[in-house]
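Each structure below is given as structure tokens.
Paired with chain B in one complex and with chain C in the other, chain A is shared by the two complexes that follow.
Entry: the complex of A and B
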């Protein structure tokens, strides 16, 4: 299988990188170049062969002797669909990465762990055996941990890394429990057996809950998101793009894969996912509005978008549980397409943020400003990403959200059961709220960072980033527009994975999704053409017989405008933060002397605290710490004492076996 | 072969156990484990064995060389190089340790009747010697704070596994036994290297300095 070859080659590229000191250009760029090229080629092969991928192609790679772990790999439309964003991001991020580091080079091990992460994710997608899956999952978690702590001299990055490490392993603990349950119920670790086995209603519920926690900790929806806003800003930007774009989607993939085993779905699973999705979406975007670090803000938007994906999947499950093929297909297709879309625009936004940080040395939104003049290309692509993430027309976010809306509306209007209507309405309402707030948030980011004037003196005229970084962003932006405008093109890659989840019966209604996307695509394209024509004509008409002059913007008659008169991130977000102050737990700091003619410089600052971390997780963990501190004498680091435990155990076993 | 000689040899192995338990100096302990290794390497010659004489002779000669000479010499050199205090630094006193040795040996011979070794073993008598030796090995690891004495505890434990193996199975493929010997040798090499590192790092080879992962 070429994907296995790919997985091996990217690791080897990293291994080669380990031997290089980075003394010349070739040594510096070779590992990343190999990874990038391989990803492109594999992507083209994948897109070309996608339509021939059959549901049950399983190959035994190596006949190794490890108990329970046949190295069984396979590919079906669902895995293949997740491979698309993985390969696109792998190609773009490894194109972008080497130049991102040109100032302060990363360690030799960077591209090794990068390749290992890619290969781990590919193996997660291809694994068809529980033990192999867990091995791949651990490789993925550990290599991404090492990527998060790339900057080892930075204490916050190390702390973020450890929090990520701990959460990832709590997830793995649940994953082990889940897989052992499956193995106990089906008598095998092979996915084929898991799919074939029958699970009772209560058993399926337990399996679903375990899967939700195990994979939720990776996917990072609320309340399992705490590691995400810490880890993403600490990693180098192209790693953030990869982690936020596709690694957290491995959680979604795992959940979906488990869902295919425990059919038929129960309706309350869908309801739970819609509730979690709504909460993650709304709270995610609200927390994002309260942030002032650009990458942390983007990380909270990942929480939001995972919420949107969950909304789609939740509506799909509810639809399937109530036997409505249209709702199921639209819900699953919308959720899946949003996986791809989020990978594209979030990857693009993280790369854009990385470009800003590289050129200005700061990720604090309030320090920046006016970058559209010095970094026009980065600004353009960041704008594309911003519009796409808000789900506005002409860009890809719109299409996936439209599919989820369509599922919700169908549920709300045509459904036979009230539960389905409630699910549909809940989905629509949260999605609408999320969309509006996301638009506000990205107005803030783009407005403060790229428009206006620089807010601090230190940021001079940085200029734009080198060509490979621009190309990486351009490629992702192009994908965003292609999917946004030509949505029918994406259907061959989308319908079959969605059918894996919605069940083969839904094949009868695939025409409805085709006609919807076709209509939307034709409308959007004709609008663009008409608008371009009209704008061109108006321009020609207005310019006739006039000259073009440039003048300053009208400044309300104030003669000496200054950068400090601009909106800050805090002041722009203040109305929204005020409105949602209860769920946000925002801190406001106003510095003023209260006089009519201020004697000092007044300032206003607001920041949203992630109370899940400070008020939920930290107290709980401290409680655990206190509880288990009394057991510290038992695990005290003395090797001799541990041997004594073994001896006592052996002695007890002998007594138990022969004397009782 | 000569049955009486076999009994005396086996009892000498047990006496070596007690000798190590009561030893207050590292050099004494190393000497104890050397003698024990040398003696028990002879066991395959005396026990009834279906293996061919070449196999047995090779095993006996190699065992004596490695357990009786190479490893002890290496340990002697290690403690000379790091110039350690010669005390074994016990956390349980010497007479109490010796008492432990007597009691566990008695217990080992007592459980011989309970454990149905007699049906499978070539020599049940040696199975209980093995168990007595295992108790001593574990005790040395647990109750001595010096790193070298822990290595010796590990060697005693390995000796007990050897006695148990030949008393129950009597005959194993040559390859397996060679492998075990080689593993032991390499294991001791690595452990002695660790002793050197511990000494350079902490200026002592007491394991109390190893309780924390960070310095």
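Entry: the complex of A and C
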């Protein structure tokens, strides 16, 4: 399978990078160039061969002698679908990376771990055996941990890396438990056996909950999101793009893969996912509005978008459980398409944020301003990403949200089933609120960072970023527009994976999705053409011969506006943060001298801390820490003693087996 | 012919929407004991603005220049989804409600950006409020449309609005009231915003377009009146009784005039609420609309009718 060759080659590319001594051009560019090129080629191969991918093509890689662990790999439409965003992002991020680091060297190991992360993710998608899956999962978690702590001299980055490390391994613990349960129930570690086995109602519920926790900690929906806003800002921007764009989606993939084993779905799973999705979406975007660091803000938007994906999947499950093929297909297709879309626009936004940080040296939104004048290309692509992430028409985010809306509306107007109606209206209200708040958040980001005047005089970009970084962003932006305007093109890659989840019965209603996307696409294209014509007429007839004057911003007659008089991100977000201060635990800092006539310049700052971390997890973990401290004498770090424990355990088991 | 009927709605909106503002202003003048401007005054204003020159702030970028055209064209595109003629076939699909509201969302996105592009604190203030209030208004609007669709068992706006639901009085009541509140909120009317002046009383919409001038300002004002027309048309369609083509069109026009008069009455007799209270008003409207939805889902009323 070429994908396994790809997984090996990207690791080897990183190993080449390890071999160089000292700083030189080859060390800087070669590994990234190899990874980028391979990803492009594999992507083209994947898109070309997608239609011939059969549900159960399984390859045994090595006849491994370990018990249970046949190295079984395979590809089906669901895995292949997740490979698409992976390869696109891999190509763009490795194109972008080398120049991003031109200021400070990344260290030789950077591209090694980068390649390892890609390879781990590819193997997660291809694994058809529990043990191989866990191995790949661990490679993915560990290599991304090393990428997060790229900046080892930075204490917050090290702390973020540590929190990520712990969460990832709590997730792995649940994953192990889940896979042992499956193995116990089916008698094998092979996915084929898991899919074939029968699970009782209660057993399936337990399996679902374990899968939700294990994969939820990677996907990062609330309440499992705490590592996300810490890890994403600490990593280099192209790594953030990769992690936020596709690595957290591995959690979604895992959950979906488990769902295919434990059919038929129970309706309450759908309800739970809709509830989790709604809460993650709304709280995620509210937290994002309260942030002032651009990458932290984007990280919270990942929580929001995972929420939207869950809404789609939840509505899909509910539809399938109540036997509505249309709702099931639209829900799953919308959720899956949002996986791809989020990878594209979030990758684009992280790369854009990285460009801003590289050129200005600051990710603080309140310090920036007016960058559209010095960084016009970055600004244009960031605008594309901003409109797309808000789910607005003409861009890709709209199409996936529209599919989820269509599923929700079909459910809501469904006269005979109250459950479907409630699920539908819950999904629609959450999505609408998320959409509106996301628009507020991204008008804030784009408006404050790129428009107006620089808010601090010391910060100004010397110019736009180098060409390879621009190309990487341009490519992602192009995908956003292609999917947004030409949604029928994406259907061959979307419907078959959605059918894996919605069940073969839904094949009868695939026409409805085709006709919907065709109508939408035709409509959007004709709007654009008409609008372009109108704009041309306006330019010719309305603006021709007009006197065009340039003057200072009018600002109610004040003739000497200062950059510091502009609205800041804090003030823009203040009404929203104020209104939701209870769920956000937001606090304001007003620095003033309290006098009637201020002697110093007052300053205002609002912030939303993540109370899930400070008030929920930290106290709980400290409690565990104290409890387990009493067991330190047992776990004393002496290897010899641990071997003795193993021997004693075996002895006890033998006694139990043969004497009792 | 069928392919072109969807153009009827935007054409009618273009022709008649400024008249609504005229009716509102006339109502307010009469109630204040003045003669008031001509009903056609909004047309003259637009015409005058289209002939003027343009002043751009040195702070602004291309975003500020393209925004008026984007706002105007997306607002007009949104009108394609709400049928004007009862028999005219609309371009529609399941989920067109999302398309309608998100097209308006795109217009709002660029309106906010163009306000922030000027670097003016006052415009930033208006932009911030617009962003917040519209985020709260959007779900309410969705639930209102869902109520109508549910009453008709249709998944598209065109189908839902083409068949009258007046017979279902509770659904009409619990949809029309929140919808009227949304009409006021989304179009920056009293009690949410005061459209009378640019500075002293206005807090949201007029604030954001302070720096626009000439044809740009005309496009923004025109887009605002098309938006008011669009929201009122949805409301009117819900309240419309069933009848033949001519009678229905006439009834629709009368209803639109009545809605304009109602807005004028509200503006004459109420004061603008404090901005801090606006979210409560919107959440209240959402509560009423959701109540309507849940009553329909629970089937309480149909069982009562059965008796």
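Worth pointing out:
As a working rule, the second predicted complex is superposed on the first by the 614 of 660 C-alpha atoms of A that agree within 3 Å, B and C clash if a C-alpha of one lies under 4 Å from a C-alpha of the other, contacts with A are read in each partner's own complex, and residues count from 1 in each chain.
Everything below uses one rule, namely that a contact is a pair of C-beta atoms (placed from the backbone, for glycine too) under 8 Å apart; a residue touches a chain by one contact, two chains touch by 3 or more.
Computed from a predicted structure; not experimentally measured.
Using the contact criterion defined above for the overlaid structures, shared-chain residue A:466 touches neither chain B nor chain C, since it reaches no partner. After superposition on the shared chain, chain A has more residues touched by C, the comparison being chain B against chain C. When the two complexes are overlaid on their common chain A, residue A:107 makes contact with neither chain B nor chain C.
Using the contact criterion defined above for the overlaid structures, shared-chain residue A:658 touches chain B, although it does not reach chain C. By the touch criterion defined above, A:432 lies against chain C but remains apart from chain B after alignment on the C-alpha atoms of chain A. In the superposition on chain A, A:488 contacts neither chain B nor chain C. Contacts of A:323 after superposition on the shared chain: neither chain B nor chain C is touched. No residue of chain A lies in contact with both chain B in one complex and chain C in the other.
Chain A meets chain B in the complex at residues 636-641, 643-644, 646-647, 654, 658-659. Those residues of chain B whose C-beta lies close enough to touch chain A in the complex are 91, 111, 114-115, 135, 138-139, 141-145, 150, 207-208, 210-213.
Against chain A, the residues of chain C that register as touching in their complex are 50, 52-63, 66, 69-70, 72-74, 77, 91, 93-95, 97-99, 101-103, 105-106, 108-109, 112-113, 115-125, 127-129, 131-132, 134-139, 141-143, 146, 149-150, 153-155, 199, 210-211, 214-215, 219, 275, 279, 290, 293, 297-299. Interface of chain A with chain C (complex): residues 369-370, 372-373, 383, 387, 390-394, 398, 401-403, 405-406, 409-410, 412-413, 415, 418, 421-422, 425, 428-429, 432-433, 435-437, 439-440, 442-444, 446-448, 451-453, 512, 515-516, 519-520, 523, 527, 530-531, 534-535, 538, 542-543, 546-556, 561, 563, 565-567, 571-576, 579.
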